[in-house]
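Next come two complexes, and both contain subunit A; in the first it sits with subunit B, in the second with subunit C.
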Partner chain A sequence: MFIRDLSCISPQATYFDALFENGAEELHGPKLWAKEPSYKEIIPNKLLRRMSKLTRMSVGTGLPLIKKHKDIEGIIIASSNGSLDRSMRFLNQIIDYNEGTLTPTDFVQSTPNSIAGVLALMGKITGYNTTHVNQGLSFEASVLDALMLFEEGKSKQLLLGGGEEMSDENYNIDSQRGLHKAEDISTSELLHSTTKGTLPGEGFAMFVVDANKNSESLAEIVDADMICHASKEEIVKKAKYLITKNGMSPRDIDTLFLGRNGDIRTDFYYNHLQNTLFSDQNICFYKNLTGDYYTVSTFATWLAAKFLGGAKLPEECFWKQTTNAVQNVLLYNNYDGEQHGFILMRTV
Partner chain B sequence: MANEELVNKLKEQIIQYLNLIDVTPEDIKSEAPLFGPDSEMELDSIDAIELTVLLEREYGIKITDPKKGRKVMSSVDKMADYILENGMV
Partner chain C sequence: MARRVFITGMGIISAIGNNVSENRARLMRGETGIHKAKLLQSRYSEIFPFAEIPHSTQELKERAGITGEKGISRTEILALLTIQQAVKDAVLLKNDLTSFDTALLSASTVGGMSMTDQLHQDANKIGEPSEYLSAYSTGKHTINLLKRFGIKGISATFNTACSSSANAIMFGAKLIKSGRCKRAIAGGADALAKFTVNGFNSLQILSPNPCMPFDKNRSGLTLGEGAAYLVLEAEDVVGTKKTYGEVTGYGNANDAHHPSSLSDEATGIIESISNALNVAGLKPEDIDFINTHGTGTENNDITEQKGMSAIFRKTPPFQSTKTYTGHTLGAAGAVEAVFSLLALKNDELYPSLNCESPIDDFNVTPNMVYKSGFEIKHVLTNSFGFGGNCSSLIFSKV
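Let's turn to the complex of A and B:
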């Protein structure tokens, strides 16, 4: 599967690629807000006024790609929470107004698949339309979905993407689950932290992907895999399996993108994988740019695709930099130490 | 003629309920149609339900007959008149 074009909204200046010119901005908690562009030229006010932040970000990244690439046949979206904020508002209104008349807008926007629905309506794409909501593996599942569609010959070009918004509701729920840092911390301190929790973030990344390589191809997504409730040894085994299944050995991987997030409870997975299989590779991190969220691997894929396409990553991304030529990249991320996702990419 | 204070309050509530972007109460003409081809507001059927909810929550008025709703919500002035006659102001 080949990435032809891509777009990203994140807490960094990624929408117009200023991240690669100006470097990463140091951000402070307790949560990292996405830097949204002005949507006025992309979304008519009439539609914009009803959109949640998540829908805005997805249309802001997806619609310009749909307009530019007229051959997109279907849409696959990853978003675990969707517009959870709207769901909570809708449910609270049932109580506040004693099960009386409810406003339709919050209900319409409350489900994760409203994103793919809105994009299909605005872009007039009547083909395949699916949303994956399996928490920290939503995007990896979306990648597999696209790979299988291409393999079966059911589609040739797709819009693939995902993201989350960190609304107050999301933040409160995840805080009560103990996922966030109790102390004030900045992005530059995050990866050196020795305490529990991480910095929550938000964003959306979108890709135009093709079944076949063409002159516009920027990078290839070779394969994806996932495993849940695994030990650190099983993570190594899974990474080896994915790499060898695709005709490579761990030595062929030159760059590793790791989802290290500064949570002392789960970062050992990254250390173990890195120390066991990848001692001589470039090691890149990205959650010190974006914070953590269920579909943060969309941001990692966006960053890796840019890297494979020749972009110079900000120095904050490199934990270890070698002189290796960049050809084969492995992305490994875990969510809360329970859901582990892998994406294998390479140059075209 | 509708009460001016109520009309202004209603315009603010319409902006809030419909989440109108870049619109101030001064931009909404009291006598102008809210719906239909002659309307500058470009409101649709979902907005009509939002305005029905506004009338119920803010003024205790339940609109159950769509024909009546169409008349009541034809302009801000008409809404204010109906509230003065029937609502909890």
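Let's turn to the complex of A and C:
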């Protein structure tokens, strides 16, 4: 499938593509907040006030695309946590008011599928509509979902995207789980770190995808795959499986986008894959721009699509740069060292 | 051409039984599982009836053989128990499970947030961290189950509210048809939780009496809990295994009307059923029986009848098994897929309960008696949810 258009809100200045002109901004922990645009032109004030951050990021990226591309037939969203802040607000009210009479607004917004629902409602899009919440593999599953719709001929154009919002409550939970750095650290130091944990981030990326290539196509998403609870050898095996299944060999891959996040406990997976199969490739990183979250592969896909479309990436993205022409890109990301996702992309 | 997709195994737990045969026996006898809740920790357990699984979380752990394990949510234990049944029923071997072309597709709305009180403490850093820190996220049960069963293939977790597990089954069928997988375990699980009970109460759609789908005096839905999973296998790997039926049709659409109710025009319902018929290559008159979403809310039942009457010149026999299991939310699509497949396999209809005065406008009533020897070639099952999500599945005799 082919990416026709795209939009991204992230901790970097991505909404208007300033990232590619001004380079990456160094950000400091403990939380990497999304740089949100002014939504004034996009969302009526009355609606905006009631929206969760996740809803407004999804509408901020999705609605302009829906308005511009009137042929979108369905919506596939990846968001593992959904509007978590609303879930937690509702939860706190249940406990604080001892299960008193509560207003349903927070409950209705708390469910992750409310994002795809709101977009369908605002764009009057009655076709295929679904929401993936498979933690660190939510977006990879969404990609497969879209590919299969196209293969079946059930749809020709879709809105595909995903993201997460950060809330105090999930920060508390994930910190207690040991997912975050204990020390003060900035994005420029993150990938050189030798300690446990990473920096948490948030954001949303949205794509208009077509079944068929056309003059506006920017990049192709070829396939996706995944594996959980795998050894580093199984990761290599899975990567080969995906690449060969699509008629390529590892040598055909010229650029890797790796989800390295500076966590000493899990970054070895990236080293092993890189050293075993991809010693001569461009190596790009992105979590030193955004931090980590369940659906961060949406950001990686956005960045790779821009790269394949000819954008010059900020120098912070390159771990290793070769003279290879950029044609075939493999994205590999692991969440918490247990959920491993792959997305295969190429030039059009 | 696309490969056919057969159902070779099923597992279920609900308020009317711990396995497939117990559930079928209660359906045949017309015995509901809706009662006063004994285990649910909520002030609403005194006010509303529920379809509760009458086993404590500890008892369920013992049944699943994980007595000493910590940090496993009730939702995940329900899923585990039913996948164990489905895997055994389909005689999946270790090599089948670990093969890259075996998928696990699950669905839930509440997930680990079924541990509502623990979540409140952990989220607000009250006291020592609980054992459930890693368990709250909806998708976590799927990730844990992949490990437990050694599954190395594609996984997904859907949350499209009340249509979630219908989408998991649809996704599984498509993975197999497209050649990406040879087999898939697909379904969903949801445990009763203070979080959901308060959510539905805030929407004022919980019924003070056991739900009365398609009755003109209906007063809302009854919440339940449960889990169900199907084993789907490609025709070329089924061999001589027994099958319950074939996934022939599936449809998904969005009503695009309102965040928590369906449109008067039944747009999403009509599109979802039409899509399923189209995929199956069937005409409306080919459908012998409909398992409705039938929640018992004012909005759902009238809209669903409107949708059915728009598609079917003569509405085939239909019922709502939510009168037995309550509304099991993310599990409902899979729970009712199991009931639909039982009806299909055994050529029988189960009685819909609590419909005393049918809705006037449509001149149709749900099937209210047990019928055996009722030939079913194709069964349609519907699931609709908040956010406008509508999904339909069609199962056919092999």
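Note that in this section the second predicted complex is superposed on the first by the 348 of 348 C-alpha atoms of A that agree within 3 Å, B and C clash if a C-alpha of one lies under 4 Å from a C-alpha of the other, contacts with A are read in each partner's own complex, and residues count from 1 in each chain.
One rule holds in what follows: contacts are C-beta pairs under 8 Å (C-beta built on N, C-alpha and C of every residue); 3 or more make two chains touch, one makes a residue touch a chain.
This one's a predicted model, so the numbers in the text were calculated from it and none came from an experiment.
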First (subunit B), second (subunit C), both or neither touched by A:133: second
Which of subunit B and subunit C A:59 touches, first, second, both or neither: neither
First, second, both or neither for A:45, with subunit B first and subunit C second: first
Touching partner for A:111 - first (subunit B), second (subunit C), both, neither: second
Which of subunit B and subunit C A:92 touches, first, second, both or neither: second
Touching partner for A:241 - first (subunit B), second (subunit C), both, neither: second
Contacts of A:228 with subunit B and subunit C, given as first, second, both or neither: second
Subunit B or subunit C, by number of subunit A residues touched: C
Contacts of A:3 with subunit B and subunit C, given as first, second, both or neither: neither
Subunit B and subunit C footprints on subunit A, overlapping residues: 101-104, 108
In the complex, subunit B residues that touch subunit A: 17-22, 42, 46, 49-50, 52-53, 56-57, 62
In the complex with subunit C, residue positions of subunit A that touch it: 75, 80-82, 87-88, 90-92, 94-95, 98-99, 101-104, 107-114, 116-118, 120-121, 123-135, 137-138, 141, 144-145, 148, 151-152, 154, 169-170, 172-173, 176-177, 225-230, 234, 238, 241, 294, 338-339
Touching residues (chain side subunit A, partner subunit B) in the complex: 45-46, 48-50, 97, 100-105, 108
Interfacial residue positions of subunit C with respect to subunit A in the complex: 42-44, 100, 109, 111, 113, 116-117, 119-120, 122-125, 129, 133-134, 136-140, 142-143, 146-147, 151-161, 167, 171, 174-175, 177-178, 180, 194-195, 198-199, 201-203, 252-260, 267-268, 271, 275, 279, 385-389
